[in-house]
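Take a look at these structures.
The two complexes that follow have subunit A in common; it is paired with subunit B in the first and with subunit C in the second.
After this line comes the complex of A and B, so read on.
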């Protein structure tokens, strides 16, 4: 068991406070985590660092809010390599130390300008963002994102996202595609305030297909600054009736300043577990 | 005694509102212009000064308090009218400075009613009297934003230098035309790039009218420091590749916010030369987040050279003195 401590030294402004007061542990070589790991502050996997997390591990983020912005400050920040190797019966859990698991109890697992990221059978709960991936090649499979503000969030990455469940988040998947490409397939995105939230700069280079996107406040809601029409073909939206599906998609039909979300053809039946064929590599 | 207090007050204020000497030169086709008027505006285009004239060598001198200003020059001879703007606009004056202005032929604005009732703006970008292809016209909502992100911008001009925006929302806009030799949409104006200001900035767009504008541009011949800030401290360092060799042609930057890229940087260096050396001018003591990148403006893209200050986990540095010889290693994004 590891415990990383927080030091409270009150000086400078808020951002400086964070930079100066949260305990930071840097990982610069290969490190393997197994069992229960407590994070109180920031763990940063540096460029040459590699973090491997074994099946069944529980990564528990201490609920602290030094800058008092309502978002927990504990985080795992990766610029090197992260390999999360959960198993179906032994997932890796990223969670908070409080019993309620309320959204924003901890900040995020942030993968930014990293060498490589691989997540298999992980659970992210009670975070501001369960997982964020930016400027990185990443594979995210068989995982659950629940009770976060943003379940999974990405931009400018090469990504493969397969057979995950995003549920009870404000946004199941939030993305600014920018210069990304990749595939998002066989995911179940349900009971979020917004299932998929393309914020801006999305250009259809990430292919959303074969997903079950249903029972969300809006299944898809396009951001105010998104300009190009988007395609979400071959997904299941909970019904075969186009008029019903359209009610759950917030696009030009709701606001003439927004682009159109093209959904045809839609899948007439949900994708089942037996349909799922995730790629081994991408 | 009352008068003495007043004198003290006046002299005291004079001491607080220190003014700086701004020298400059106005030319037409590299030739000095005698008798050109220098117009200085604040960021809302209110006139600050308009009575200073150039001498026979084209030079002028004026004094300004610390602040951000627009510099414009105008001149008329033999029924010909010329107007020019400094390519450095808006200029933050915090020390004695030098402003060069090239005068360009004046093109008047034409307005007519739109049959459709929609507002449109049509125009032409002109270089040395001829249409300029592939220039972009940027629309800003205020003068102070001119070095930042525009409200909207046009498609590149066609072979006739033509651009058009339909259904533009009524309002007040500052128009700037640019063409970068790198073909980038954003970034500081480098030597060899084209820049020109609409000569009647700002333009007031009204509902149901079509506006015809011509924007003359000039070619920048000398590099200057982009985004210059009042410098209390200086950070110097080197941009290096993974083998430790210096990298030329990249920009160092300093942000105030950890989420770099969500706001304008506090400071941007000039493009590095062969030695990879950069300088960042920092306005005040505090925490700054540092990096170096290949392209200026917008989100970094796949294949772009990019690197962050690695001595702290989140790339911050606390500046309370000059910082020397930091090293930042660049790698290609997602390669």
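After this line comes the complex of A and C, so read on.
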């Protein structure tokens, strides 16, 4: 019995130690994080690994730039499963250890060829990309992306993105659709340099609807290599006047080689909190 | 100290594949330490970043031969030379002959000149490898053709001294509807 308690004590203290500061590390089984977790270097959730992050946790990325490329090197890289379960009053914070929270202080939470990703009530700040999702089914809800180069970035994924705030990033949402499909709805995308940046290979399989996209340098800006016209119907662009809305959308009107962004019908009024109905099942 | 070295080592060697796969590519532009070169390179940098999302970094060099060496060795991807600098290397003034000469000697490709008047020109020069990675880049850079005569560049330099290079470049590109 005593040995058992000693074992428990050892196991608990070891877990606590690991949960405090992580350097280069691979997660290959199920692991739960809560409280403050420091990451210095790369932490990878491998194929069979599962990371669950509890409400109120703070994941703090140390500001290091070993390769001197101006982008912090600390990151969380997920190839397995990640479940981030914040709550409205206890969000999970992904941030840097410096006070300024300048963009690119840390690299990103990267979900790539992963099994599944779920983020609810998370905050991403001061990163190169707050969250990147590629080749993965992912749900991102009720979260805040602020002061990053790219707030939320995705490609080739099945995504549901609902009721998030993207603000003060270079790009609120940046995406290369490729074979993605999904829905982006009820998000507030404001005061970014570019609200939404469809870079290339976008084909309208991701439905952007019921979003408030306003007060950005450009609300939407099409990438130079995007070929197909794109549809952003039923969104609110900060005004009802079409001429004003068109000024905030960088497309064929600015450069004849670019495709057209179709916005009609536009919402005449912003979507309010009471309008938000995120899908339970996706 | 030892811990930091160990972390650096592990980041570089254990996870190099992961790390480099996802930040995206970076284009390095080399330029001479003159106000004119700096402003043109900043314009190029901003245009590429804003239109493609690709990160661009500028590197300053003290003389033209160092830029050529940097491009040949892969330290930079792109730079801009005028006919005077080009002829100092290839001893050929004619654009097409110089183009072929640079291609053979240095593995560098001339894009369409930004400015061309009689035998005078300013031309973006790019590494062949970079061109393979960014095949659409020439088409984008061509949008600057004819927009940067010496008088405009000189005004932009003056403007940058007053308001800073970032705002000057941004406003210039916006005024041309390029960003």
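Convention: the second predicted complex is superposed on the first by the 259 of 282 C-alpha atoms of A that agree within 3 Å, B and C clash if a C-alpha of one lies under 4 Å from a C-alpha of the other, contacts with A are read in each partner's own complex, and residues count from 1 in each chain.
Note that a contact is a pair of C-beta atoms (placed from the backbone, for glycine too) under 8 Å apart; a residue touches a chain by one contact, two chains touch by 3 or more.
For clarity, every value in this text was computed on a predicted model and none was experimentally measured.
With both complexes superposed, C is the one of subunit B and subunit C in contact with more subunit A residues.
By the touch criterion stated above, A:41 is placed in contact with subunit C alone, subunit B being left untouched. By the touch criterion defined above, A:178 reaches subunit B but does not reach subunit C.
Once chain A of one complex is fitted onto chain A of the other, the partner contacts of A:201 are limited to subunit B, with no touch recorded for subunit C.
When the two structures are aligned on the shared chain, A:255 is found in touch with subunit C, with no touch to subunit B. By the touch criterion defined above, A:157 lies against subunit B but remains apart from subunit C after alignment on the C-alpha atoms of chain A.
When both complexes are overlaid on chain A, the residue A:30 reaches neither subunit B nor subunit C. When the two complexes are overlaid on their common chain A, residue A:244 makes contact with neither subunit B nor subunit C.
In the superposition on chain A, no contact is made by A:275 with either subunit B or subunit C. Of the two partner chains, subunit B is the only one that A:136 touches; subunit C does not reach it. Subunit A residues in contact with subunit B (one complex) as well as with subunit C (other complex) are 24, 42, 44, 77. Residues 23-24, 40-42, 44, 64, 66-67, 69-71, 73, 75, 77, 107-108, 110, 112, 128, 132, 134, 171, 174, 197, 199, 221, 223-225, 250, 254-255, 257 of subunit A are the ones touching subunit C in the complex. Per the touch definition, subunit A reaches subunit B in the complex via residues 12-13, 15-16, 18-20, 24, 26, 42, 44, 46-47, 77, 113, 135-137, 155-158, 176, 178-179, 201.
Within the complex formed with subunit A, the subunit C residues making contact are 3, 7-8, 10-12, 14-15, 18-19, 21-23, 26, 50-53, 57, 136, 139-140, 143, 177-179.
Touching subunit A in their complex are the following residues of subunit B: 256-258, 286-287, 299-302, 306, 308, 310, 312-314, 316, 318, 333-334.
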